[in-house]
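Please read the structure below before turning to the comments.
Chain nomenclature is as follows: A, B and C, assigned in order of appearance, with residue numbering initiated at 1 for each chain independently.
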Amino acid sequence: MKNLPDFAGLAGLVRERRPLVHHITNDVVNNLTANITLALGASPVMAPCILESPEMVAHAGALVLNIGTLNPDLVKSMKAAGTEAARLGIPVIFDPVGVGATNFRTRVGLEIMRELKITVIRGNAGEVLGLAGAQGAVRGVDSLDSSAGRESFLQEYARKTGAVIAVTGVEDFITDGARWARCSNGHPIMGRVTGTGCGATTAVACFSAAGIPAFDATLAGLVLYALAGEVAGERASGPGSFVPLFIDALADPDSLPWEKVLLETCP
Amino acid sequence: MKNLPDFAGLAGLVRERRPLVHHITNDVVNNLTANITLALGASPVMAPCILESPEMVAHAGALVLNIGTLNPDLVKSMKAAGTEAARLGIPVIFDPVGVGATNFRTRVGLEIMRELKITVIRGNAGEVLGLAGAQGAVRGVDSLDSSAGRESFLQEYARKTGAVIAVTGVEDFITDGARWARCSNGHPIMGRVTGTGCGATTAVACFSAAGIPAFDATLAGLVLYALAGEVAGERASGPGSFVPLFIDALADPDSLPWEKVLLETCP
Amino acid sequence: MKNLPDFAGLAGLVRERRPLVHHITNDVVNNLTANITLALGASPVMAPCILESPEMVAHAGALVLNIGTLNPDLVKSMKAAGTEAARLGIPVIFDPVGVGATNFRTRVGLEIMRELKITVIRGNAGEVLGLAGAQGAVRGVDSLDSSAGRESFLQEYARKTGAVIAVTGVEDFITDGARWARCSNGHPIMGRVTGTGCGATTAVACFSAAGIPAFDATLAGLVLYALAGEVAGERASGPGSFVPLFIDALADPDSLPWEKVLLETCP
């Protein structure tokens, strides 16, 4: 591994710049993702209503669009805020929760990709592959699939959309179409806590909001997230005690065991 | 006590089958109930919008309808999803939060009972008695009452509706009109944590979603829930530290002290 | 310090009377604020829909209006519930989250002040100063400002509105226009946990709901809150572990180190 970003240094940049991260997100994870944002040293705001969501974008360093509990009004608000973000050059991080599970979600996911300029897509394999039109599978909001063997397809999707693509799971795979990285950190218990996927999207958004370029921001966000999850997972006695330990680990990146990062990158 | 279900075995069945549990529920408890679902080894999905809620039902093993923060759109979505669940033979677990506290809630509760096929009703005494038209009392969403002395009335209500009736509180009373059970496990601290009632409904739904018949699923879900609460309550130093300990206990049913179950059943 | 309220005694009054506190609040903090309400010994209800929000007010000892994730329907419901509260003489505690950050929020905040009878306003400096028309600054929902040097302005605003004004932050400043108090307890980690401001509003509401007059209720609620935060902050290893410890501390006011209260009052 060479030419890797200085992850702890980038995490320090987030804390130093303390950017605002605007979330239009789902009702199940808004508290958790707000706390993840704060733990990373950024500042969360959730302003879902279209009467203010575009205006709030102007204060933000990044915009998260998460369709976990979507409805038509929220979709309109996401599109308005996303359009404003593109106009202002603010990165948009898209979490296509459950795309493939219902026609409504799939249609909204495709509309968002077509109508907005998305900087990073972060989802599980089924969601991202479903969005990309691959033969994917989504079961509720849980993926039945992994990115293994789909790397070329995802790289092509990154080139086609101009977005950084991040598929998280047992392994995280990240590509901008040219470069790619694979991170094997994390802990199985993360699959037993709601919102850990949505939280990964938020981590990417926090690094993006600090002005870090999309590929490095995604990589740094997901590596820190997985490493903190690994540390907390080893300390936790179950998925309940995991959550506070995980937030604590995210809030103190300097004491994470960075030497344990398992990362393969190319080039 | 004889012919009791093998509770730990049924909990293992939930983990093995990992059924999807679709919740149309309230904004206060959606994160907690999603985490309870995952702790029990099932998989949660919250898709409240009518444009997808019936479609999502087809992926699910059970549907939770919880009226804690209802509005007309959500009620329409509940009815559409509940109708689809009946068509597909998927159990519907109804939590009549706050019925009796306002005319709107009471009316919606009665409409749901009249228009849908409900498999299990889980509420506190005031809510269930209010729904059943007994002289109940509801104060906000808190019951002022218990099921004590109302057993015959509840059995009659079970026969009339065809639903399993579960009234939880200091004691939990469960009946399908013929059989009944009373469980005395639990811990007083559960009354000082929001969503512990809604979480009990979710536990019942997880067992139902695994294909376990309604009465056994309700009994197993509530006994496991109360026992895990008792264990966590004894370890906790307050209602805040209770929550992570409770989730941990729910996620590890094999290490619960099953010999401490206090259960009276008939026949 | 003399003639101070007996804080532990007032906290005991809340637990003894167990008043219902009706919240029309935001989706990010509703679970946390419900748990804070329960920890303090009061009983939370969240009934956001206008079809029941005014009716629910009649059961409540206080009404919280929090505009953190507002939309036009919620605003109508807040106004209807607030009008009913005024008619019944029930205190209304207003949290002007993010006023100043968008035109919509600022407009709604001013409408609420103009159309309703507000008993207590609790916000950070930027929000309250923005509401009061001072040269304030709000960045997202985070204040860039403090109350220092604005005490006279805030006292004048209290006299003008007839509300108790509470600006919280590193120092909390409370005034009813005649009296004022300044509390320096708390812990920096509270700024890294979402909803700690909204939770302070809830604490004030719990004391108000117990029938304690507005200034004393606000002072007692905020002093207890800051002291519990200080205790939990000293014990926590990060913002994640802070939350359960904080709820535990709020739930056990008798064991708080009341001798550490740092309070300046006048007269």
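Descriptive notes on the structure:
Keep in mind that, in the parts below, a residue touches a chain if its C-beta (ideal position, glycine included) is under 8 Å from a C-beta of that chain, and two chains touch if they have at least 3 such contacts.
Fair warning: this is a prediction, and the values are worked out from it, not measured in the lab.
Shared contact partners of chain B and chain C, listed by label, are A. Mostly differing positions are employed by chain A and chain C in their mutual contact, as under half of the interface residue numbers are shared between these two copies. Chain A and chain C have centres, each the mean of its CA atoms, that are 33 Å apart. Shown for chain A are the residues in touch with two or more other chains, namely 27, 31, 243-244.
By the touch criterion given at the top, residues 20, 22, 27, 30-31, 34-35, 37-39, 43-49, 51-52, 55-56, 59-60, 73, 243-252 of chain A touch chain C in their complex. Interface residues of chain B facing chain C in the complex, by the touch rule stated above, are 26-29, 31-32, 68-72, 98, 101-105, 139-142, 191-195, 236-244.
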